[in-house]
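Shared between the two complexes below is chain A, which pairs with chain B and chain C, respectively.
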Partner chain A sequence: MTQHLFAAALLDPNRAAPSDIRTWNGSDPVRRFAVYRNNVIASLIEALADTFPVCRQLVGDDFFRAMALEFVRASPPSSPRMSDYGEEFPSFIERFTPAASVAYLADVARLERLRVDAYHAADNEPLDVTAAADCLADTAQLPLLRARLHPSAGLLRSRFAAVSIWAAHQGRGTMKSLKIDQPQQALVIRPSLDVEVVPLDLASWTFATALNRHETLGAALESTRQTHADFDVAQSLGLLLRAGLIIALQPGMEPS
Partner chain B sequence: MNKQTTAAALALALSTGLAALSAQADEMKEGMDKSDMEKCFGVAMKGKNDCKAGAGTTCAGTSTHDYQGNAWSLVPAGTCTETASPTSPTGFGQLEAFEEKQS
Partner chain C sequence: MTVAISPGSTSDRAPAKPALPPRAGISLKPEHYRDILDSRPDIGFVEVHAENYLVDGGPYHYYLNRIREDYALSIHGVGMNIGGEQPLDAAHLDRIAGLLERYQPACFSEHLAWTSHGGIYFNDLLPLNYDSEALQRVCEHIDQVQNRLQRQILLENPATYVEFGRSTMAEAEFIGEVVMRSGCGLLLDVNNVHVTCTNHNLDPDTYIRQLPLGQVGEIHLAGFSREQDADGATLLIDSHDAPVSEAVWTLYEDVLGRCGAKPTLIERDGNIPPLPTLHAEARHAESLLKACQEIEGS
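Up next, the complex of A and B:
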C-alpha cells in the first residue's frame, strides 16, 4: 500500500479504505479507518475554527464547518504545525461561491491569518532610538537608508471595512454602525507579547508597503507622493514608529 | 520634489517620530514603576523561586526547601510582608534575605 493511496482515501469518503490495512485486535479495518478519517477531518476543521474565529461567527458554525470541510479536502496541510494551516484559506473563501454574498469574509480571514502569523513570528528588540537618532547627523544620507521591519509585521488592504468588522467582534464598535464597503487598511504586528491591529490610512499603508519592498526611505516617500500628493510623512512615520514597525535603519545595500 | 527637500522632510519626520517614541518609552517605564512588583524573600515553595542573582544567571527554581529565606519570588508590591512565611522571624515574607529561624 502506498502512502499516497492511504492519504487520498483519508480525504475522500467516496474512496474505499485501502484494502491491505490490518488491525491488531481483529476489529473491522474498514470501520477503524472510518474513525481515523473522521478524526483527521474533524481536527483540521477545528484548527481552522481556532485560527478564524471571527469568520466563524460571521457565517455561523454550520456554514463555517461545511466551508472548512471543502477546504480540508482540497488543501490538506503540508506542514505538521497546525498554526500554519490555512494560509490559503482566505483565497479559498474568495472563490467559494456559497460565501459570495459575504464579500468581506475573505479579507476578515486575511486579517485573522496575519494575526496568527504575527503571534508565532520571531521576537525582535524594538528600534534603538539612540542609534536611529544618529542617522539624523547626516540628513543628506537619510533618503538612501532602508528600514528593517519587525518580523511579525503584516499589511492588509481591504476593499471592505474588514478591520472594523473584525474589531466589532472584539467588543470594539458594532456591526450596525459601520459602512461595510468603506475600504480599510491595517498593520498587524506583535511588538512585544500582544498582537496588535493598527488601522492605517491608505497613504500610510502605501508608504509602509514600499518600505516592506525594501525601497529606500527617499524612494518610498516619492512613490507614496505619486498617488497621495498631500502625504504627511511626519504623521505617517510617527504612526509606524509608535506601532513598532521599524526595528532598524540601515544604509544603502539591497538586503540579500 | 528635489533630493534636498526629500531629505529635509525625512529628517523632520524622523526627528519628531523618534522624540515621540522616547516620550512613549518613558511613559511606559513610569507606568511599570507604579504597578511594580517587589522581590519577596521567604515565600517561595521549594524549586519555585524566581532568582536572586542578576541578569545572565539562572538560579530560578533552585531553592531547596519551602520558604527558603534567601530565595525570592516576585509578588505584587505591598503584598510581601502580608504573605505568611513559617521560616521568617516576623512570620511573613521579607523584602531582604533573612536568616531562617530554627524550627
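Up next, the complex of A and C:
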C-alpha cells in the first residue's frame, strides 16, 4: 500500500510524507517529497489557469491561485483527459466565500468553460442558410420540425453582464463602460475552427434553449411567446442559423 | 498471471507500422501548428501527448491530421498508470486504442511511473519501488496494454526525486527485467538518466550500461531546472522547460556510441520557444546522429 500513503500525502499538506521514502545522503525526505506535491498542485492549478484566463485577470494571480488550490484539493481530476478538468470550478467559485464580492466571477467562469468545451467538441457542418430556407418553406410542416444543434453549442444565461465582462478582456469594450448588473445571455459555439461567443437577447436564448430540449419549432415558439409575446421568430432563427447553431432540421426527428 | 510476450512474437499483431526514422523530432505544440504547416521545416518526426488528443474534435485533430500527412508521428502517453498498484483504467486504454487506430503512429510510448490512485489522476509521473511484486505488476500492465493495442510499446525510464526503502533492485536492473519479460522496447530519456543519477548520486555511465540498450526504440532529450535538497545537495527537476543542457548532450553522444543512431526527440512542454529555436536543437541532435551513422557505416 505504498502508493496509498504517497497519494494521500500529495494532496493533504497536513499528512506526513510516506515513511518508506529514502534519500542517498540521508537528507530530510520531506523536501524531496515536496517536489511531487508541488508538481501535482502546480500543474493542476496551471490547468485551471489555462481554462479560466479571464477569471484569473479579474481577481489577480495570487487570489486565483489560492482559490484554485482549494478547488484542486477538494476536487482533483479523476481522468487523464485534462481538457475536462474544472467542469465544477464555476459552481465552486459560486460557493467560495472570499470571492463573494465578485458576484459575476462564476458566470464568467461558466462562459470560459463553455469555450473550452466548444473548442474540443465534435466537429460538424452547420446547416447553411439556403438549405434551412428550403426546410422552412413548407409552412404546414414548419411547426413540426425539430432542430439538431451543433455539438459544440453551449448556452449561457447570467444575472450579470458576464458576456461584456469577458469581451472587455479580449480588447472589445472596457470594464468602465459596463453595467455589471445587466443580465446577459450568449451562445458559445465553434462552427469551424474558431470558438465564437454570440450575444443573445433573452427571447432568443429562451427559444434556443427550447430547441436544445428537442422541442419542435412550434412548441419552442409557443414556450418563448409565453414570456416574450412579441418574439420575432424569423429574425431569431436567422441569427441562430448564421451562428451555425443548427446542423439539421427534420420533422419528428428522435431526440439525439 | 503474466503472459510474457517475447520481442519476436508479433505474428498475431496488426502489420508493423513504418518505424520512426533515425532522425531528430520535436514535441508538437499547438503554438507551432500554423508555423509547421506554413514553413514545413525539415524535421524527422513529431511527437504528441496522447491525452491531449482524447477529445472529440476541434483544432487539435484538425492540425494533427494535416501535420501527420507530412511527418512521421510518435504518440506518447502520460496517463496509463503502468506503475500503478491498482488495475489499469480499461476505458482509458480503450480511448488510447481508438486514438492509435485513428492516427496509426509509428510509435507509442508510456512511462515507468504511476499517475492515478483511488480514482484520482495526479497529472504527474510518480515513482515506484523496485521489487519483485512491482516487477510482476508492471509486466502484467504492459502485457495488457500491448495486447489491447496490438503493438509493442516503448517504456520510458523515469526521472525521480526519492527512492524507497522497500526497493530490492536498482532502477536500471528493474527496467532491464521489465523489457526482457514483457517484450516492450525502451524509450531512453537521456535527460532523465542525468536527473535521476544526479538526484541519487549514481554514476550515469554505470546506469546506462545496465540498461537494455539493444531494445532502445527512441531517445528523449530535454531540459531541467535546478533546486537543492534539505542538505544542500543538487536536486534536478525534470521540468521540460529549458534547452537541453551540455551535460545531457555529452551523455547523448555517449549513448549514440553505444546503441547507434535512434530516433531522438527534443522534448519541450514549458516556456515553449519559437519553432526555429526548437528546430535548431533538433538540428544539433541530427548532426550528432549523422556523425554516429558515419562511424557505423565506416
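Methods note: the second predicted complex is superposed on the first by the 225 of 256 C-alpha atoms of A that agree within 3 Å, B and C clash if a C-alpha of one lies under 4 Å from a C-alpha of the other, contacts with A are read in each partner's own complex, and residues count from 1 in each chain.
By definition in this document, a residue touches a chain if its C-beta (ideal position, glycine included) is under 8 Å from a C-beta of that chain, and two chains touch if they have at least 3 such contacts.
A quick note: this is a predicted structure, and the numbers were derived from the prediction, not measured.
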Touched chain A residues, chain B compared with chain C: C
Partner chain in contact with A:Arg225 - chain B first, chain C second, else both or neither: first
Partner chain(s) touched by A:Ala121 [first = chain B, second = chain C, both, neither]: second
Which of chain B and chain C A:Leu142 touches, first, second, both or neither: first
First, second, both or neither for A:Leu10, with chain B first and chain C second: second
Touching partner for A:Leu44 - first (chain B), second (chain C), both, neither: second
Chain B versus chain C as contact partner of A:Gln170, first or second or both or neither: neither
Which superposed partner A:Asp20 touches (first chain B, second chain C, both, neither): second
Which of chain B and chain C A:Pro29 touches, first, second, both or neither: second
Set intersection of chain A contacts, chain C complex versus chain B complex: none
Chain A contact footprint on chain C (complex, rising order): 51-52, 54-62, 78-80, 84-86, 89, 92, 95, 114-124, 126-129, 161-166, 199-201, 227, 229-231, 233, 235, 237
Parts of chain B lying in touch with chain A, wherever the complex brings them together: 1, 3, 6-18, 20-22, 24-25
Chain B contact footprint on chain A (complex, rising order): 127, 129, 132-133, 135-136, 139-140, 142-143, 217-218, 221-222, 225, 233-234, 236-238, 241-242
In the complex, chain A residues that touch chain C: 1-4, 6-7, 10-11, 20-33, 35-36, 39-40, 43-44, 47, 76-83, 119-124, 151-152, 190, 193
